[in-house]
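In the two complexes that follow, chain A is the common piece, with chain B as its partner first and chain C second.
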Partner chain A sequence: MEALVISHQKQIGDKMLEGLISGLFKIFTSNMMNIPLIEPLVDYLMQIPLVNLLVALILWRPFFAVIILPGLVGLLIYLLWIVYWERKLTARVQWRVGPIEVARPIRGAIQALADGIRYFFQEAIIHREAHKIYYIQLPILAFIPILLPLLFIPAGNVVGIKTPYGIQLIVAFIALIPLFIVAMGWASHSRFAYIGSLREAFMYFAYEIPFIIAVVAMIYVYGSGDPYVAVEKQNIPGAVLNPLAFIVYIIAMIMATSRLPFEIPEADQEIAFGPFVEYSGILFGLVMTLLYEKLYLMALLFVILFLGGWEGFYVGILGDFCAPLVLFIKTVVVISVLVIVRSVYARYRLDQAIRLGWTSYLTLSIAALILGMFVGVLV
Partner chain B sequence: MEENIKFLRSGILAPIKKWGTHWSLWPVHLVTACCGAELAHAFASGYDGERIGALNYGIARQTNLIIVEGAITRKMARVLRITWEQMPDPKFVIIMGTCGLNGGVFWNSYHLVKPFEVVPVNYFIPGCPSTPEALLRGIRQLQNEIRTGEPRSSIEFEKVDLGKGKMMPVTPKSPKKISLAPSIVVNVPRKADEETKKLADEISKLGLATTVTGKNRIALRVEKDELVDAAKKLQNFGFDHVKNVNVIDVPNEDKFIVEYHLGSYSKRELMPVVLNLFTELPRSEPKLKSLAKIFPSADYMEREMHDFFGVVFEGNEWMGRKFLLAPDTPEYPLKKDFKLEEEKYLR
Partner chain C sequence: MEYEIKVPVQPPTELQSLFIPIPPEYVEEVYRSEDFLVLVGPQHPGSGHMRLIVRVHGDIIREVIPDPGYVHRCVEKIAENRLYIQNIPLVERPSIMDALNFNLGYVRAIEDALEVEVPKRAKYIRTMLAEICRIGTHLYDAAILAVFLGHTTGFMYPFGIRELICEVLVRITGARFTSSFIIPGGVRRDVDEQTLKFVYETTFAIEKRLKSFERIFIKNPTVIARLKDVGVLTKEEAIKFGVVGPFLRASGVEYDVRKVEPYEAYGELDWDIPVADAGDSYSRFLVRVNEISQSLKIVRQCIKNMPEEKLKDFRGTFFDEFADIVLPQGEFTTLTEASRGTLIYSIVSDGESNVPYRMRMITPGWLYLRGFMESLKGERLADLQAIYGSFGYFPPEADR
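Moving on, here comes the complex of A and B:
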């Protein structure tokens, strides 16, 4: 009797599992990427049980947007590229060759990978004065505001969550990142970290308001906070529709991600990387990439607002994959051009940067807003 | 914990770790002396150390290599140790220049330490200064060591037989003795212009014995008990500061000569004049009243002379402890009978 009950329960369990799998499968397949190039491969893999679930998951549009492109995998590729590119560019500006010996045939392009591996395996020191729990948590928690905006950044019909308030949400999450940096400085409990956090807080106010105003100006232009509407309306790119907002946004990108000439909170020659001074090993690897990731997010939004988003070339054979690819390429190109400021400018003093932020820069952003209102009526 | 470390060092992931570390040696450079210029050269456009993945970085916490450029003094030794201890494991040390090897041009000085007694050193790069090529070769050697696990030099030098060749007729003997040096006279009279002579006469009227030792240079000898009185008189005369305090050790006459060079910023005709107010002390009891109360600028220099010679300036508050020298410096390093390390000449 008992054996019967157990087997019966087991049967129910199996049934439930099966139901779950088939349910998930249905959800995934209902919204799958359509890429003609790999169609035969996908068709073949879909016949194998369990593997088909995995393939369906990867090709499920929300998953693809967040995890593959323009999401995490794209972010990783971008990181490896941009660190290398920045070093190489700086080297060329200074008449050097930059990293090359690590892989001669590809001009040392995997240098960032070597550095990353070194950080990964290095000892992570937690000094006695640190607020231990926060000190370890914060670099990891800081990924929340990095990852959340990826949910709302659409690329064609590949999107995590579709909402008419996408742009506002992305801006809101990006604005959270400095909080974590300030908190890291506080948790480090060291003098340089304290000065760095303070500077970060000051700079935050200097750029955040013009930045938000510039985005609002663009929302006026398009009449909606929906990225889809924004891209649709860009028969003429946003950069031409509102050039003032365009300039304000570029400066905001440089300021917000601590590039020279606004590399004030980190200023390694003065205050030894400010909030990040005590981090070592893998933890430093995490915090060092934080600002690069922020740059990535801001550049994605930049491309959507000003450069026509994922509208560009369309290759039929790539199908749905084309839009994320265009968006990604545009973003990386924008950033690659932007990082040249690092090697050609000197650093502003904190007071100079704040004065700039609160006077001419703020004025410019308000002018952009007014222009945006006019253009919004016309378009 | 031990197991984890062992796994890191020799486990399945070790080759990846080694590869990463080996292409990513970021030096913190500790510029203590002139070798720093060569390091700059090695990483500038001529040689470009970044080619091999070495990026100069300012902060110890996030790097894995220290390059010590040149001499490490006793005070700097602490900094070196702190920097090294801040670095996360695995970490390496490269020392540039002969200074760091064994003192180099500062061989046998009281203020130097040997860096290998402070931190474990991986590679020495000889040369004064070492060339950029040598430095980069050192970094490459370290990379090789990380990859293969065994330290090797990349050059085999020709062996030179030291036994051959001409012998020096006389090699310096040990232990060293103090030679009978000619007596040191500070106030040798010399010819000078009329104005200086007139000024010297005027000062003599205060009851002090002056000697003119050159244009605008006057020496004035006093007994050590009269020093303070003389200083007061000179202050009233118009001298307002001490330019320099100096001690000369004359062991074979068993005396210290203590000189105060006085000058004036406030009285026009005294401005070009340097007046050497000096006195002699027995070596066995080097005690003297301090002039720091009268001329405050003498204060620091008296402390320094106390550091170097052990002369006690009574009334100066810093006597009996080290002022500028590191606390562990041996006593009174500038005295002529200070014991140096004995060296042995082979030929």
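Moving on, here comes the complex of A and C:
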């Protein structure tokens, strides 16, 4: 009798698991990426049990958008590229060669990977005076505002969460990142980190308002906060529709990610990397890439708002994969051009940057808003 | 509604555990007021081998107490135990960029004592070498200023240009710097025509490259914004605090030892003293940039007007000829215009021993340290590095 009950329960359990798997499978397959290039491979893998679930998950559109492209994997590839590219470009400007010793045949292209591995195995020192709990968890928690906007960034029909308020949500989550940097400086309990945190907070006020106004100006132009509408309406790119907002947004990108000439919170000659002064090892690796990740998010939004988003070329064989690829390429190109400011400008002082932010920069953004209103009526 | 924030600010323990040349009462007083002590250095990317104890009120610097001496190497004491000729490499060491100016000052003190007549060609070669070193030092300081402002291209360009200076020095003296080339009664060996031609052509190469440096750094709006009206020393202040060299001239005082008491060939050449009136960081920088072009002019003139003469080659017989120098009894002082300012050598001799009784060496860095600290008052904390770079303060030179 007991054996019968157990076997009966087992049957029910099996049935439930089966139901769960088939249910998940149904969800995944209902919204799958259609890529003609790898179709034979996908078809073959779909015949194998359990592997088909994995394949279906990867090709499930929301998952693909957040984890593969333009999400996490894209972010990683971009990080490896931009660190190398920035160093190489700066070196060429400065009559130098740049990173070359790691993998000489490909001109040191995997330098960033080598650095990452080094950070990973380096000892992460936690000094006595640090607020230990916050000190360790904040660099990791800072990934939350990095990952959340990725949910709302669409690329064609590949999107995490489809909402008509996508642009506003992306801006809102990007605006959270400085809070984590300020908190890191506080948890470090060091004089230079403290000064760096204060500078970060001041800079936040200097760029955030013009940045939001510039985005609002573009929302006026398109008449909607929906990225799909924004891209649809860009027969003429947004950069031409509202050039003032375009300029304001570029300056905001430079200011928000502490690039020179606004590398004020991290000024390593003045306050020795500011909020990140005490971090070492993998924790430093995390905080160092934080601003690059922020730059990536802002550039994604920039491409959607001003450069026609994922509209570019269409290759039939890539199918749905084409849109994320176009978006990613555009983003990386924009950032690769942007990093040249590092070798051209010196660092402004904090008060100069704030004065700039609250006077000419704010005026420019308001002008962009007014222009956006007029253009919005016409478009 | 008010929230209580428990910020974990404890009394600064490092101020008790570290040796700091300020009384504990001062630290207490600072912390009882609204001020804040920031220790910049000696392991700080923007301090060099020294510690600056900065008292800040908000972002404004109230007072800066320097803590030099981290690279003090007892040059004066070591000099008392060495032969006169062995001191030449020693006195060069504090400022290796500016080695030949330091060398020249010391050798001139010995020549004053022995009343040696220097051949005219040797004088021209010495002048040329001193000016080449001046260009190199100014380029080095410009590079440090650039990196203090976060401008890495401005850091790399002068170092790239300075390679030419090093190449010139290698061809003439055999060493990139600290060559000990100038000796009592002339130079170690003659310089041939081919090398002089190379130096002449190099001056134009440097000028050409300086133009790209000017485009990217000197006229960069961000650099001007950072340096203009920052760290101002008025004419009266500069004189009062004993600032020397290009930094004194940047405050509007037209004083240059090379013009006031011309030594070597300076009296026979045609050149100007660059002077500025503003006395701020930018004019301190510009005066030195203009000095580079004046120095290039002097080098060219030296090569053009170089007298034909046979100079003695001391290779092989050097030690035999100079080891037994004994200076007559008395004190012999020379003033030299080194790159960063007036350099004073004073040798006291007892008249019978072959080592100096006392060798006093006052370097420009030490002389303008006070002016440097005074100019920081009332500026912002971020300007600390800008002013530091504008003075080109070089701790080994000041500490000796």
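Following the convention adopted for this analysis, the second predicted complex is superposed on the first by the 379 of 379 C-alpha atoms of A that agree within 3 Å, B and C clash if a C-alpha of one lies under 4 Å from a C-alpha of the other, contacts with A are read in each partner's own complex, and residues count from 1 in each chain.
Note that in this section a residue touches a chain if its C-beta (ideal position, glycine included) is under 8 Å from a C-beta of that chain, and two chains touch if they have at least 3 such contacts.
Quick caveat, the model's predicted, so the values are computed rather than measured.
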Clash or fit, chain B versus chain C on superposed chain A: fit
Partner chain(s) touched by A:V344 [first = chain B, second = chain C, both, neither]: second
Touching partner for A:W186 - first (chain B), second (chain C), both, neither: second
Contacts of A:E311 with chain B and chain C, given as first, second, both or neither: neither
Vertex chain A, arms to chain B and chain C (CA centres, degrees, nearest 10): 20
First, second, both or neither for A:Q94, with chain B first and chain C second: both
Contacts of A:S280 with chain B and chain C, given as first, second, both or neither: first
First, second, both or neither for A:F121, with chain B first and chain C second: first
First (chain B), second (chain C), both or neither touched by A:A272: both
Smallest distance from any CA atom of chain C to any CA atom of chain B, in Å, after fitting: 5
Touching both chain B and chain C, residues of chain A: 94-96, 268-269, 272
Residue ranges of chain A touching chain B (in the complex, touch as defined): 87, 91, 94-102, 108, 111, 113-118, 120-125, 268-269, 272-273, 277-281, 284
Chain A partner contacts - residues on chain B that touch it in the complex: 8, 13, 16-17, 19-21, 23-24, 44-45, 48, 50-53, 55, 57-59, 61-62, 64, 86, 88-90
Chain C-touching residues of chain A, taken from the complex the two chains share: 90, 93-96, 129, 131, 186, 189, 191-192, 195, 260-261, 263-264, 267-270, 272, 342-352
Residue numbers on chain C that touch chain A, as the complex places them: 7-8, 10, 36, 38-39, 44-46, 59, 146-154, 156-157, 160, 216-217, 220, 222-223, 225-226, 380-385
